[in-house]
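Each of the two complexes below includes chain A, the first together with chain B, the second together with chain C.
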Partner chain A sequence: MDYKRDIPLVITFIVGVIAVMDYYTTFSAVKETFTIIKNWGVVLQAFALGLGAANLFRVHGKRISDRKTSEWYFSAWLLFMLIVFVVVGLGTGQFEASSQYKWIYNAIFLPLGATMYSSLAFYMAIGAYKILRARNIDSFLLFATAILVILGNTPIFPATFPAFFYTREWIFTAIVGGAYRGIRIGIGIGAVVIGIKTLIGMETGYLGRR
Partner chain B sequence: MVSSDPAIWIAAFFTIAATSYAFRDNIVFKFAENTFIGIAAGHAIVMGVKNIRDYGWAHIMNGEMIYAVVFVLGIMLYFRFSREYYWVYRYPIAFLVGNGVGISIRAGIHSDFIKNIAATASPIIAATPLDTVNNILIFVGCVTALSHFIFTYEGIHKGTIGWIPKVGRWMMLLSFGASFGNTVMTRFGMYQGRVLFLLRDWLGVV
Partner chain C sequence: MSAWEKLAALPRELVLTLVLIAMIIPTLHPLGLPIMTGQMAQDWYDTVDALPEGSVILFDIGYGSGGYPSLGPANIAVFHQFFEKDLKVVIMATALEGSMMYPLVMEGVKPESNYGAVYGEDYVFLGYIAGEQTAMAGVLGDLPALVSTDYTGIPIAQISILQDVAGADDFDIVAYLTTAGGTSEGWVYQAYSAYDKDVLGGFLSMMTTSMKPYYDTGQLLGLIDGVKGAADMEFLTRHPGDAIQSSDVLSFTQTLVIILILIGNISYFGAKASRKEET
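What follows is the complex of A and B.
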């Protein structure tokens, strides 16, 4: 047995099978084991975040030390903000409950997150202008429902013509509801097949190439 | 009346800075962007440490020494950076993948597969004619969309039954259009919230 490759595959199989068994059986031993696995998963994910942070320091640290690009100071600022937030969060011992942490969160993180996320509306609108053209039947169908839903979601149109609102509701009930069900069933089948292939060691991409 | 709260001013500055990219890439946006990445990473680390305390350390303090193993596994993750001992990193990753795959198989079977089949297999004749038409459309949409993804039997995409996956394709295009429209409007709705923040909370003009 190759301890570098086979043992990880055995770990994946055992952990995966316990996770599935937890759902389909009522054995207390399985339930208790899966509770431990779940908690370990949360802790390991937290350790993996540290891995991401270490990588961030590696990449931006190199950028700062090389000073090849004119924007190295943004990397320094990024790392500075990261350290500030970590120090404030951990230094108080209260994590996200401390008032200083909440202050930074509400003054910087929240508005930036909301604006970055919502600003994509502009790019989507530009993309819609470029792409939503009724060139053939396929693009016409895409265009038709997009326009009807946009009009149905814009307050002035349903307020003036309530039919816009009902059309939008009908599209989501009858059209989107049916097609997305088919897609979801396909996703379910795909997830199960890929899952089983991973558990039995047919998918080994996660072990890395080295 | 313009706000005198420094937190509101900072939030307003970052709101405008983040929006400025809509006009062109600029130094103010880059400043906001890097601030966001730094703080998001910091936030993730703080939450991660909290989870380690709540889901790992707290159990060890209660005498459940089996939780010491996960700390060893956690440290093993950092062998990712070693050329010689890279393989050590595979053990914790294998655990995470096994856990994730096991949970996704459960969810795939239950939420995606069984629930959607059960919902589609409900009686087609409803109380009103419109509901009956809707039920027929849902059934047709579901079955034809599913048929579009059958690749193991090529014949379904050709010949006399070739129209079935084609209808599925049309139903999906209609759905994607609707989802796109909905997403655009949701984002615009969110952006209205930011504009309202600037006008109401910061400038106090509305």
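What follows is the complex of A and C.
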């Protein structure tokens, strides 16, 4: 018997069966047990965040000590800021509710995070200009759809000509919606199959490389 | 290189500079260009408007700093409507940064001074709950078993709004704003499919394509579509803010993108025709 393999498989089977029973039955014992399991899940995932932080120190600490790449100082900055946030959070005793922590977050992290997303606009603009060319019938369809959707999404056009709004709605509902439903149904069936295979121990990828 | 070919290969720096200018002009000088309220945002507004006074809403802040420019204004607008209608709001965060978004949103809403709302009686913030769909299932399944204190550490037994809230049956509606794919579909699975709850969702515009089928089938009763949806909500709730101002930026920038696409195509066909003539 391979305990390292079999014990996780048994745990997975038991938890999986309880989860399925919780959804399809009304037994109070099952409901109560699954509530405990869900709470364990939340605690475990919160713990994983701490593990992730520890892993950051391991990976970037090695990168700093090796200094093999010119980007090692980015790793040093990452760990420095991580320490700053932790020290400020713990030092005030109020964690993220403290005004000092909020100030650091609002002055540094918030604008940087917003900038990361916003910079996509520039890449999309240059990409649309360079790529969206009606070279053949396929690319013409893509080009026409893109133009109509952008026209429908740009606030001033539907406000001036409501037809742009309804055209975009029709594309979303009739074309995109139909295609996406097909994709989702396919994914759903795949998920059910993977779930059953995981429950009966045929799918062991989550156990990691062995 | 012919004129057509030059037009088809405008320098990247020039295109990016034009985009930047198209963003800066309406930001510095808002023009108040017209907007058309979308049906998806109208449905969100009407659904909340139809709730009786005192109804309990479970609201999830599922976005962080990256999503704040799009979803922050939407969040402020929908909270204005919640508090104007005297609804009870139980707020949680499935995004790690959600607990940092909460004070930013509340600074914009000011529920105490604007609506006379009282923390603990009319609204409460439970903070970040790890686990995404596990957290959703936990809150809807047995809230007191999962959460022992609110965001500030007050035991939930001392919070009056939570005295009659044990799980899904005690929420009249579930609403959320998120930038995460797992969260956006997760609430449909955990609240609509598992408990048949009414659900309202708001997302980045790029996610609307994948979430709209849920709205079309009634699994989402209303949908906020990024900045456009946020502007709609600001208009509907009569609380104009950043999103309506951003609509001008959207109009300018996206019009420029359409012009660039057309220039790219006209120059492509022009260059093709001139090459044919030469041969």
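The rule is simple: the second predicted complex is superposed on the first by the 194 of 210 C-alpha atoms of A that agree within 3 Å, B and C clash if a C-alpha of one lies under 4 Å from a C-alpha of the other, contacts with A are read in each partner's own complex, and residues count from 1 in each chain.
Just so it is clear, contacts are C-beta pairs under 8 Å (C-beta built on N, C-alpha and C of every residue); 3 or more make two chains touch, one makes a residue touch a chain.
These numbers were taken from a predicted model, which means no experiment stands behind them.
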- Message: If we overlay the two complexes on their shared chain A, which of chain B and chain C does A:116 touch? Say first, second, both or neither.
- Response: both
- Message: With both complexes superposed on chain A, which partner does A:177 reach: first (chain B), second (chain C), both or neither?
- Response: both
- Message: If we overlay the two complexes on their shared chain A, which of chain B and chain C does A:35 touch? Say first, second, both or neither.
- Response: second
- Message: Between chain B and chain C, whom does A:64 touch in the aligned arrangement: first, second, both, or neither?
- Response: neither
- Partner contacting more residues of chain A (chain B vs chain C): B
- Task: Answer with first, second, both or neither: which of chain B and chain C does A:153 touch in the superposed model?
- Result: both
- Between chain B (first) and chain C (second), which, if any, makes contact with A:23: first, second, both or neither? both
- Task: Would you please give the residues of chain A that touch chain B in one complex and also touch chain C in the other complex?
- Result: 23, 36, 38-39, 41-43, 45-46, 48-49, 96, 105-106, 109-114, 116-118, 121-122, 124-125, 128, 143, 146-147, 150, 153-154, 172-173, 176-177, 180-181, 184
- Query: Mind pulling up the chain B residues that touch chain A in the complex?
  - Reply: 6-8, 10-12, 14-15, 18-19, 21-22, 30-52, 55-56, 59, 66-67, 69-71, 73-75, 77-78, 80-81, 83, 86-87, 89-113, 116-117, 119-120, 133-134, 137-146, 148-149, 168-185, 187-188, 190-191, 193-194, 197
- Task: Flag every residue of chain A that touches chain C in the complex, lowest number first.
- Result: 23, 31, 34-36, 38-39, 41-43, 45-46, 48-49, 96-97, 102, 105-106, 109-114, 116-118, 121-122, 124-126, 128-130, 132-135, 143, 146-147, 150-151, 153-160, 162, 165, 169, 172-173, 176-177, 180-181, 184
- Query: Which bits of chain C are touching chain A when the two form their complex?
  - Reply: 10, 12, 15-16, 19-20, 23, 33-36, 38-39, 64-70, 96-97, 99-100, 103-104, 129-132, 134-135, 137-138, 141-142, 145-146, 151-152, 194, 205, 208-210, 212-213, 216, 228, 231, 247-248, 250-251, 253-258, 260-261, 263-265, 268
- Using the touch definition up top, name the residues of chain A that touch chain B in the complex. 3-5, 7-9, 11-20, 22-23, 36-54, 56, 71, 74-75, 77-86, 89-90, 95-96, 101, 103-122, 124-125, 128, 137-138, 141-150, 153-154, 170-192, 194-196, 198-199, 206-208, 210
